[in-house]
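Pasting the structures here.
Across the two complexes that follow, subunit A remains constant while its partner is subunit B and subsequently subunit C.
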Partner chain A sequence: MNKSPLLKKAGTQKLLASLLSILIGLFFGSLLVLIVGLTTSNIGGKGAWDGIRLIFIGLFSKSRDAAGNLVFGINTTNIGNMLFRATPLIMTGLSVAISQKTGLFNIGAPGQYLMGTMVTLMIALSIPSTAVPPFVIWILAFLGGCLAGALWGSIPGMLKAFLNINEVIACIMTNWIAANLVTWLFDIARFSTIKGAFYCQTKWKIADGTFKNLIENTKSGYIYKTTWNNVATPKLGLDKLFPGSQVNAGILVAILIAVAVFIIINKTTFGFQLKACGSNRHAARYAGIKDRANIIYSMAIAGALAAAGASLYYLSGNTEFNWHTDQTLPAIGFNGIPVALLAMNNPVGVIFSGIFMAMLNIIGTQLTKFTAYNEYITDVIIAVIVYLSAFSLALRTLIAGKKKTVVANDANAEKKPAAPPAPKDAKETTPPADAKTEKGGAQA
Partner chain B sequence: MDKSQDYVIEMLNITKVFPGIKANDNITLQLRRGEIHALLGENGAGKSTLMSVLFGLYQPEEGVIKKNGQVVKINNPNDATALNIGMVHQHFKLIEVFTVLDNIILGAETTKMGFLQKKEARKKVEELSKRYGLNVDLDAKVEDITVGMQQRVEILKMLYRDNEILIFDEPTAVLTPQEIDELMEIMRGFAKEGKSILFITHKLNEIMAVADRVSVLRKGKYIGTVNVADTNKQELSNMMVGRPVQLQVQKEPAQPKEVILDVKDFTVPSKLHHNDAVKHVSFQAHAGEILCIAGIDGNGQSELIFGLTGLEKSSGGTVTLCGQDITKASIRERLGSLSHIPEDRHKHGLVLDFTLEQNMVLQRFREKGFQHFGFIDNGKVRSYAQGLIDKFDVRSGQGPVTTARSMSGGNQQKAIIARELDRDKPLIVAVQPTRGLDVGAIEFIHSELVKERDEGKAVLLVSLELDEVMSLSDRILVMYEGEIVGELDPKETTVQELGLYMAGAKRQGGMSDE
Partner chain C sequence: MTFLIQQTLLFAIPLMIVALAGVFSERSGIINLALEGIMIMGAFVGVLAVRILQGVPAFQQAAEAVSSFNAGTGEASSAWVTLQGMEILCMLIAAVAGAIFSLLLSYASINMKADQTIGGTALNLLAPAISLFLIRIIVNQNTMGMAGGAGGASWFLIRKTFFGVGANEDMGFLGNTFLDKTYLATYLTILLFVLMSVILYKTRFGLRVRSCGENPQAAASLGINVYKMRYAGVTISGALAGMGGFVYALTTQGCTTNGDVAGFGFLALAVMIFGNWKPLNIALGALLFGLFKCIAASYATLDINADGHFLLNEIGISSYIYRLLPYVITLIVLALTSKSSRAPKAEGIPYDKGMR
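Take a look at the complex of A and B:
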């Protein structure tokens, strides 16, 4: 009873539970670094200490000085790149979070992300910027990508709504269909087949009229950057704020969308319907809410959000897409799951957890750059965090400092006294472990 | 007067505190050997908490438990089992795909060198079922047997473990009248054998019929223990509720007016089998009357209501509501003219993870006033919900922001009733509106329904409780195997006659067409 009122709030407890998972994850990563360091002759104690410091404050690592010691300080490149990489993660995180809010598990973000990538790139590269202002192309490409993702997401949605097919299975299948479809379409699509209107007037250096970059020899297998067509997300001065980094206005768009999703979910009648269907489809139907339509809406929105992440990532103009996707699914899609999990499906929380995941990514590259360790250490950290997030209920009750969160009224007890304290959040927090196993796929 | 050795279980001065509430406040319960001791109280009075303490699910803050005069510590259900305490839960804990025998021996299997010895177990179970008249098919799968039989399996589970103290948590809630009689007989048999029974209930008839003594709890406090022989139903209900309770429904004769609901040749297919669940049913409900659909559970009443409210598609016939053909209308359109108190409050009635206030506007959130341009006006919702909470005395931990899941069953039901009655529609469909509720809540709901009737609403009541059917309705339609087999006037008929219709032993000529 000596807990402060702040600790009693559900929101605070959720936040602390997430922070606790993060901390344990980081400590576990450090432990691994320490063990590897002490048992490997060419790393040793000093190398391990460097690794541990990078895990915690790698974002602020700058270089090694002449004496070989790590130099720390504000590293604008790192911070800018972190925000850049956070952009798609926030979007796929939102995609998973909104589906969870409506009682669905969207593991189809990778496929939706791929469809978004393809449509965005095709639009951005096929409309000549000599004829249409680049910002119009940007908007068309962005919206086209979102629409493609929405359509792709609505397929499992419709299967669920009309045939009651588990959305997880449908999502996994559509993921691989997307992977192969994208490769195939990039394989066969040529500008030159779109005769007349656009291609003939362009002055681009595109070699044979395909989207595949065959000009720069080292780039074989990649699609052109959108900058070939002068299409790129504006920097809005962020490049001045974080010199030397890839950051652009995409992060601001992602944050705006996250806030919008938060408002839609929590403040609107539409969000009310989605949540009602998600928590109890039968009661929603009883109340005259169209449960099937809402399941499809939910998956379509989730798909649009994941695809928007892809659009923002590739429209930046400084990333290239490897069109050969028939063997891999984009890790960013799957990483939306831990992002959402860590944020406990709160859209605003997703902004922060997305940035945190991106930070781990940066830390990974810094580890590779400055130490004998490689970036996969951060995958272990993510795995531990995901694992702990699944236990978030236990952590939350630990923080709340009581054995069971039995609510005063013995209503539940009245019904089933001997039932073990079934965590009602269980279904929300059991996303499968493949979230992490797929990590490390194709990151440009 | 009695020596303490006569008590097989004593729970002395038990206090159990949950955040914000004293669920048990200094409660003493003493169970004699060989007696049937009823524990009576309203929903939320603390009966289940007390039993959970006895069963080791909760640890009390204060108080001791004694068995045969010795203080015992019960830390978990295993300790309780070791002390020969067994419990039949209200919702059975059986594995559906296992056979009856497997369920009974599960957790207490006889083995030889790691191999199951089912033969011995079977012999023991057969012996027990013969001795106590507990007829079960040991090789049937649990999913295939009736609820009454499942309960017998639960009872056999306790007997198989040689339990001496048997706790029954609201055992009759799911049983038909015949099954209830059988259960009473079985309980008497146990008592005669020297087993002690704790019987949690809020049904006064059952206490009067079977119990020796009764302890009453109210709002977590111990009110008293009385001998059943020295008391009566009225006294018990007053003790339980804390004020004089009207056990009889007070109402004037009905004055039926225009037809509100006109159902013609209505057919609803069944989800369970190929036959239709509702077969060519026709009836009318008038403004200003309570029309009751009576029948034994599973005779098509649920499907009839699902069909009328649009939750399931009908396959034939027409439904006219307030002059409009709604046979093909969407659920939302139908909700424009009807209130629906659903049979299953957890499945249909409430979104359990939503707050009370969100549940209060489950249908109305789209209405002007509750939303502006698609944005929900939380202030309006809050004040509306608070108004309903006050008006209908819905009790909950944190008022409008309480999660529906954390509320007691009775208050959940009150919330649904508040929501539905306040929507103020000409037809009120109430399916088992008082199921699982205590007398206080039942009295309240009955009087509300009568009030609505007097205001000129048509009330379509579906009830399995004969008492309720007889006392509340103005006109009775009996359903048997998907057909309406009789129309009765509650003032002229008897429970016995009603029972014959319900069992299909009697039917009125011409009631069932085709």
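Take a look at the complex of A and C:
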């Protein structure tokens, strides 16, 4: 083991630990693909090799040529879509990271994300763009979403601060309350009582004043896109740079917010107080810091950030919201956890880990498109990465070369996820026509 | 009323056993946030086992005998028993799968002293990912049921004919409610719940497990191997949760699995806290939560006092309200009892021999 001074720096060790987790995660994914490929008759070795190549460089896959071989190269659509999907992931990642700085585990990001989604969509759709300029509606919807998330996030914060209820449990409860609340409110909400009398521009007429898309038959169960009301995030020429993709200025907003959070955490008194409460709540109180207030602030900011992710995602104009969320929570909320863990809770690091997570997402769709595998393999990779992040400290000591025995232990850890038996009687493995119905991302 | 009781039991029983699974883990000192993931894994492996066992000729013949008996021809008493045996076998397989899967959590939190919350979250992410990945490869869609499109009910549901009662005869209130159209899994789970509660509270082993969750250093000083006890706690927890996952998939989802148990694992955590880590309170809490789940699922056609009026539907409260009520009640109960709530003292703290 090389013991150069560079390797002894905490920052370098953190970075290397994250990279190591990523590598192990990718290798585990490849292993699963290989085992499934070799034991399934209609995938075989060649299919498995395609799958493994896609896992590592799927971002640069383009198509299959006439001979059925994968073609690789710069794919601007993929890169643009990656940046688009990274936007909400960066925001939920920031949400988890800032709460971790205060020693809180914000597993409530999905609920905060849902509340943000609801308020954003309701504001963006119910103010007629004939009367108010669309960019004003955009700003109102964004801020409204953030406020809703902040309020929702502050509930577990207050329970923690005043009653010392475990924030993880409180967050899980508020997640499911939000899931049912959002579904219920979208079910009953009306933004116009006059049937058929509400016009936005001349483009559309709302059938019965609900937010549910009843005009397009194929979109049953979805809320109207914000573009129905001419509200959408500007592209700022990014669509020219990445033709054919859904990218817009949202990614720039997310990066700006990440930098702002970095400055607040590291350069201001407020940020110092938050971190002090995270290190030792009682010591912080002894030093005159209001620990209760800081816990609530931290959760409120975390909630606002998660909700901002939802606002940026659904104001893009490309995405639609399936309002039947009472049985499922948005995966983007949970994926904020691996994003923050990979970045070791560094707000600037979150930008990169968010983009990496979005890249895995793109790889998943490419796998579904080009091979007999499906996108869930990338979820497996993410889960393995989170699992390794749980003992990142051990990984770091491993990199620093202090404790050689950890190597052996870690090797065991990697083998264990294979424990659940892999079934071997696959029947039909043609790529499914209607895969997982995605909640967002439906092209305009 | 019969319908209400039966449906409530169907929802409450998996909750009850999974909440007890949580107690085993937390009493040994490990926060088991992975209950949801372990349930998903158990449901997936259990349904897969059913699919594979369906190919065994003996079970196939038994199923045919039962279906022809239900249609009114033939003798089927031994065939019934065969199918119930198959159900028990699948429950055991799901339990083993859950136990193995939970080893990931014990390894991370006991050997590696990792953050238990993050470890549990990783398992919660891993289980749906792996099961959906494999489900899609096996059946090429997101929901895996029994082979040949058979429903779980047609194979495993106990009907009055099983007891030699004619299809048109009445079994009385108790018979109709607790014997006709029930699953053996429901009653086995209740039995197991009682058995495991006794083990945890009335045996030496149970006392040792609990001591590791309260003061592991003191337990170690008396010669108890804290690592072993914590491994035992989490593994039993995994087995119970895995089995609970399969029971959930079998009894409420018609023996199908789709990489999701609709938050039941988290609901079980809520029940555990609601019940203050005590079995009797947990049983009551699970029944309450089960009742709400049942009302939410079927309030529109629920005729409580059999007078032809669907009372709950006429009140006009949305089903989403019934669904979110248990979570709100849990938060309120937590808020009211936060002073007297007694979580195991050492839960969530990695055991360190040096810290005495």
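The rule we apply is simple: the second predicted complex is superposed on the first by the 389 of 444 C-alpha atoms of A that agree within 3 Å, B and C clash if a C-alpha of one lies under 4 Å from a C-alpha of the other, contacts with A are read in each partner's own complex, and residues count from 1 in each chain.
Note that in this section a residue touches a chain if its C-beta (ideal position, glycine included) is under 8 Å from a C-beta of that chain, and two chains touch if they have at least 3 such contacts.
Remember, predicted model here, so these are calculated numbers, not experimental data.
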By residue count, is subunit A touched more by subunit B or by subunit C?
-> C
Give one of first, second, both or neither to describe whether A:Ile382 is in contact with subunit B, with subunit C, with both, or with none.
-> second
Looking at the overlay, what does A:Val168 touch: subunit B (first), subunit C (second), both, or neither?
-> second
In the superposed arrangement, what residues of subunit A touch both subunit B and subunit C?
-> 409, 412-413, 416-417
Tell me, which parts of subunit B touch subunit A in their complex?
-> 18-21, 23, 43-44, 46-49, 51-52, 55, 57, 77, 87, 89-91, 93, 169, 309, 311, 330-332, 334-335, 340, 342, 347-354, 358, 362-363, 365-366, 371, 374-376, 378, 396-397, 403, 405-409, 411-412
Counting only contacts in the complex, subunit A reaches subunit B at residues 267-270, 272, 275-276, 279-280, 282-289, 402, 406-418, 424
Subunit C contacts subunit A in the complex at 33, 41, 44-45, 48, 52, 97, 100-101, 103-104, 107-108, 111-115, 117-119, 121-126, 128-130, 132-134, 136-142, 259-260, 262-263, 266-267, 269-270, 273, 318, 320-321, 323-324, 327-328, 330-331, 334-335, 338
Note: in the complex, subunit A contacts subunit C through residues 32, 36, 40, 105, 107, 159, 163-165, 168-170, 172-177, 179-181, 183-184, 187-188, 326-329, 334, 337-338, 341, 372-374, 376-377, 379-380, 382-384, 386-387, 389-391, 393-394, 409, 412-413, 416-417, 419-423, 425-430, 432, 436
